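Next, two complexes with subunit A in common: one pairs it with subunit B, the other with subunit C.
Now for the complex of A and B:
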């Protein structure tokens, strides 16, 4: 299958200057992966591991204090290859939403409070298509019907909608132009589990319908189990393990992945769930060696001295751990 | 119908008790002051001419009648309301026997003309400029304008106005020194009179507009700057919407909400006059009238001006309350 997104040695840091002191937060610290066309690629990890930042960089949205330091993100659309980290503002604006779109984290406030939902959709259509106002008006209705969303939502203001409906509207907004790649940043966070399921199903339906590529970031391993075909686990700005999701859940290789998956409850299992001891390291002050070693149950002396590289262990699996021989 | 019952009527009731409380206060406050206006006038009179005790008593009685100071406090209060509702504010003392209502009727058009125009102009320009300053805060043009407004804004009004007067009436004498129109000019709706009024009004208007503009711009700038960080504005940028669209429908539309409240209050405040402006430019408006009334202890005039101010501010607030659901949907559907 064709690789639609190729990320190479991506480094993006936050440079924060506070009262003369410069701090560098290494949020994305040398990430590389490839996503195939039509795939649902999951990015997992704890809060503060750099996954949202990674997604922002993938969308070409690097605003100070975030700065791209190294690497590239190459999109391969039918007609052209595009390095999104090196295109100008005009092209970026044309590519966004039509080819790559973005479902934000916490959709509570991403809809303009004084604008009706239909108007927001029409703004997008007016910007990216040649549709007349009237055509756009009906196009939005058609799309809502296709997604099975109630039409009354269109004539509401955002504050009149529930959180789950707002999230669905945001997903509809991000996909109305049928983009090739959808980047979803924690689309189910802040929703209760029943609504989460509906939102996940909506994303899955859109993915099946439009044959798009979906890159989804969430800390919720349950969502990944349900949705993703391939998962990478990030820790301290780096990928520590990448595998097809069935393999990852059945046989995790990295100790961190093991702990993450062990913390998930499963049906009929009444054992106490264990959390991962300790807290994720500060991205501005990483420990030497493997960044996970202070929390790792099976750390050895080599883990404290040298950082393991991400090595391919099987055809479709990569792990960064001294315990696993490549 | 539900709108009238649950929205309109409570607001009108609120309006009425606001007016009643305000007017009760302007009734009470002068009566708490140790200065007795009747006594004061009698004193000045008696210094000039000698009068018999009977005549003094007679004068005192007439004066108390005129000032509404006859009877107990409660009777005075009821009498005041009766007279106010008839539009009778009594005679002015300084311009005796001219009724106060005539004085106000003569001054009000000047003040309303000057202040409505300057308030609207500075509000609108401030909104547009402030939006620009806030949205493109990194550009050098925005930085320069911000610096200019920051420099103007804290200048005390009287210094600013005097500087203008000095510059444009003395150093470069292109505007008249003061007044609403030239001496000898007949008040009529003729072209030469209008031209004369505009010429006299330019300098006070300019002083109000420049200072008002800097205030409104800086206020709007900060609002817009904060709004630009809002999730929905950032997301609109991510959607690839044009800057124009974002600025107009996403930023300005939201920034306008508090600014419209500000405009309403400023417009309501017009009826109090711009005292400093009118005194400095000897402009024949309400401000000058109020100033002279305070200096001469002209109670009836002071009370009438306060009365109109209270009514105007309360009405402005009522209108705002009624208009607000139209501009902010979050209030409409509560």
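Now for the complex of A and C:
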């Protein structure tokens, strides 16, 4: 399998200066992973763990106060290497949407409220392809039919559609140019279960049909279980565990992953469960040693002093914890 | 507190002058909430569950129907606004927008205590606040002189629960209380609701679209669809063995955190949600796998079926 995305030692911080005080928020703090072509790679973690920032950097979207500090993100499109963190603006414009696409968080609210859905799609096609207006008109219809979305939607304004429909329209908009890599930030959050299932189905259909690579960020482990083939769990700007999803759910190694999976209530089980004690650390003021040690039930003295590295424990499994190393 | 809702109807007018339509957001809804019970209203967005809650809180005028709080009609009970708010409290969905970012957290807590005359001095108020915060696993020391941005969503939601408890309410309305809270902190908030019913005898109306927390916490459940309660009964019975086709669809759509389970069938979402409000017969008929001719013509009645009510022709 060819590796299409290679992230090496990526560090991106927010530098905030307020009333003479300089704060550094270490949102992405030394992340490295590889994603193979055609994979659905899931990124999990609580809010404030840096997963959305990571996705922004992957899309080459580093605008102040966010700044890239170290590392690189290399895409490999048809054996043409591209370091997205070091390309100029013109090239970035050419690569985006055609090769890399991004479904931002809360994307049901990104559509232009005074433009009909069809026009929004035709704008995109006019900007990125040399299709004529007529061709674009039919292309949009063809694409909607292929995705099983009702054609009536095309002639409505965004506010006439429900949240779930807008979300599916945005996903269609992000994928109409058949990008190689799709980055989706919380694509199913704030949706109802039935609609959520529809969106998962849509993403899977697009993935199967276009043979693209998906990188999905969500905090919902249930969605990961149904969508992702490989998952990494982030905590305080770092990856703490990475494994294929069936292994991750069957036998989580990191104490944080264990707690994260066990804290989920499930249908048919009314036994009392406990959440993870404490709250996630502030990214501008990280605790020494392993960032999870204040909340970890099995913390030892070494956890408070030194930070564990992300080590490979099996062929496709990496964990950053002193308890697992050996 | 026992809350009785009978034949509640709320009709909204939508569209402009030329295309005016009447949308029945809450259509003939009846249910009881028993003292100390957690009653859950479940359904997708736009099914009328929040409208029902707003009517219960007196924020929205019902078109028809009656509501009784311990045998007192809502209109009489709400006349003394202060007494009403003392007994009935709301917990909102988004903890970040509940609090004004420029105001200290303790301001909210002190204001509530002093306004409702629960304590007459700041010292006494502090003691009461500390006591209520300890119920939600926090202390006054943690919130003293701090602003909302210094807390996580889970902590803010705990504080808003503590604030609601300050007046010793007997009925809490929780509108999607955990949907904005992280998965890892969610369960600790849900546990709080479980305790409230058991320890303090507070009735809770738990509004959500998340079936797994409902199963975990609620005593009874009412599933709403396009303004109707389609199925109502004991939570375990309803969710272990759902009868209405919509409840079945809801149940199988919950993503179970186990990669070995997968959805075999595809879900059909091609209908536009709003049109379903204006259908003549059963509102689920357009998507129902068991649809019959009668479903498209006539709205099904509430049918008693083994201790629960189901609104479906299948069980006639």
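Note that in this section the second predicted complex is superposed on the first by the 318 of 326 C-alpha atoms of A that agree within 3 Å, B and C clash if a C-alpha of one lies under 4 Å from a C-alpha of the other, contacts with A are read in each partner's own complex, and residues count from 1 in each chain.
The rule is short, and it goes like this: contacts are C-beta pairs under 8 Å (C-beta built on N, C-alpha and C of every residue); 3 or more make two chains touch, one makes a residue touch a chain.
It should be emphasised that the depicted structure is a prediction, and the values quoted were computed from it without experimental measurement.
Colleague: In the overlay, answer first, second, both or neither for which of subunit B and subunit C A:181 touches.
Modeller: neither
Colleague: More residues of subunit A in touch with subunit C or with subunit B?
Modeller: C
Colleague: Contacts for A:96 in the overlay, against subunit B (first) and subunit C (second): which applies, first, second, both or neither?
Modeller: In the superposed model, A:96 contacts subunit B only, not subunit C.
Colleague: Between subunit B and subunit C, whom does A:104 touch in the aligned arrangement: first, second, both, or neither?
Modeller: first
Colleague: Is A:31 touching anything from subunit B or subunit C once the two structures are fitted on A? First, second, both or neither.
Modeller: Neither subunit B nor subunit C is touched by A:31.
Colleague: Applying the document's definition of touch, where does A:59 land relative to subunit B and subunit C: first, second, both, or neither?
Modeller: After superposition on chain A, A:59 lies in contact with subunit B alone.
Colleague: Which partner does A:225 reach: the first (subunit B), the second (subunit C), both, or neither?
Modeller: In the superposition, A:225 touches subunit C alone.
Colleague: Where does A:123 make contact in the superposed view: on subunit B (first), on subunit C (second), on both, or on neither?
Modeller: Touch status of A:123: first partner only.
Colleague: Could you give the residue numbers on subunit A that contact subunit B in one complex and subunit C in the other?
Modeller: Common to the two interfaces on subunit A: residues 160.
Colleague: Taking the touch rule as given, give the residues of subunit B at its contact with subunit A in the complex, in rising order.
Modeller: 230-232, 234-236, 238-242, 245, 249-250, 253-254, 257, 327-330, 333
Colleague: Which subunit A residues qualify as touching subunit B in the complex?
Modeller: Residues in contact with subunit B: 59, 61, 92-94, 96-97, 102, 104, 106, 108-116, 119, 123-124, 127-128, 157, 159-160, 173.
Colleague: Quick check on the complex: what are the subunit C residues that touch subunit A?
Modeller: 43-46, 152-155, 179, 182-188, 190-191, 194, 209-213, 215-216, 236, 239-240, 249-251, 253-263, 266-267, 269-274
Colleague: With touch defined as at the start, can you tell me which subunit A residues reach subunit C in the complex?
Modeller: Listed in rising order, the residues are 46-48, 148-150, 152-153, 160-165, 168, 190, 192-198, 200-201, 219-226, 245-246, 249, 259-261, 263-270, 272-276, 279-280.
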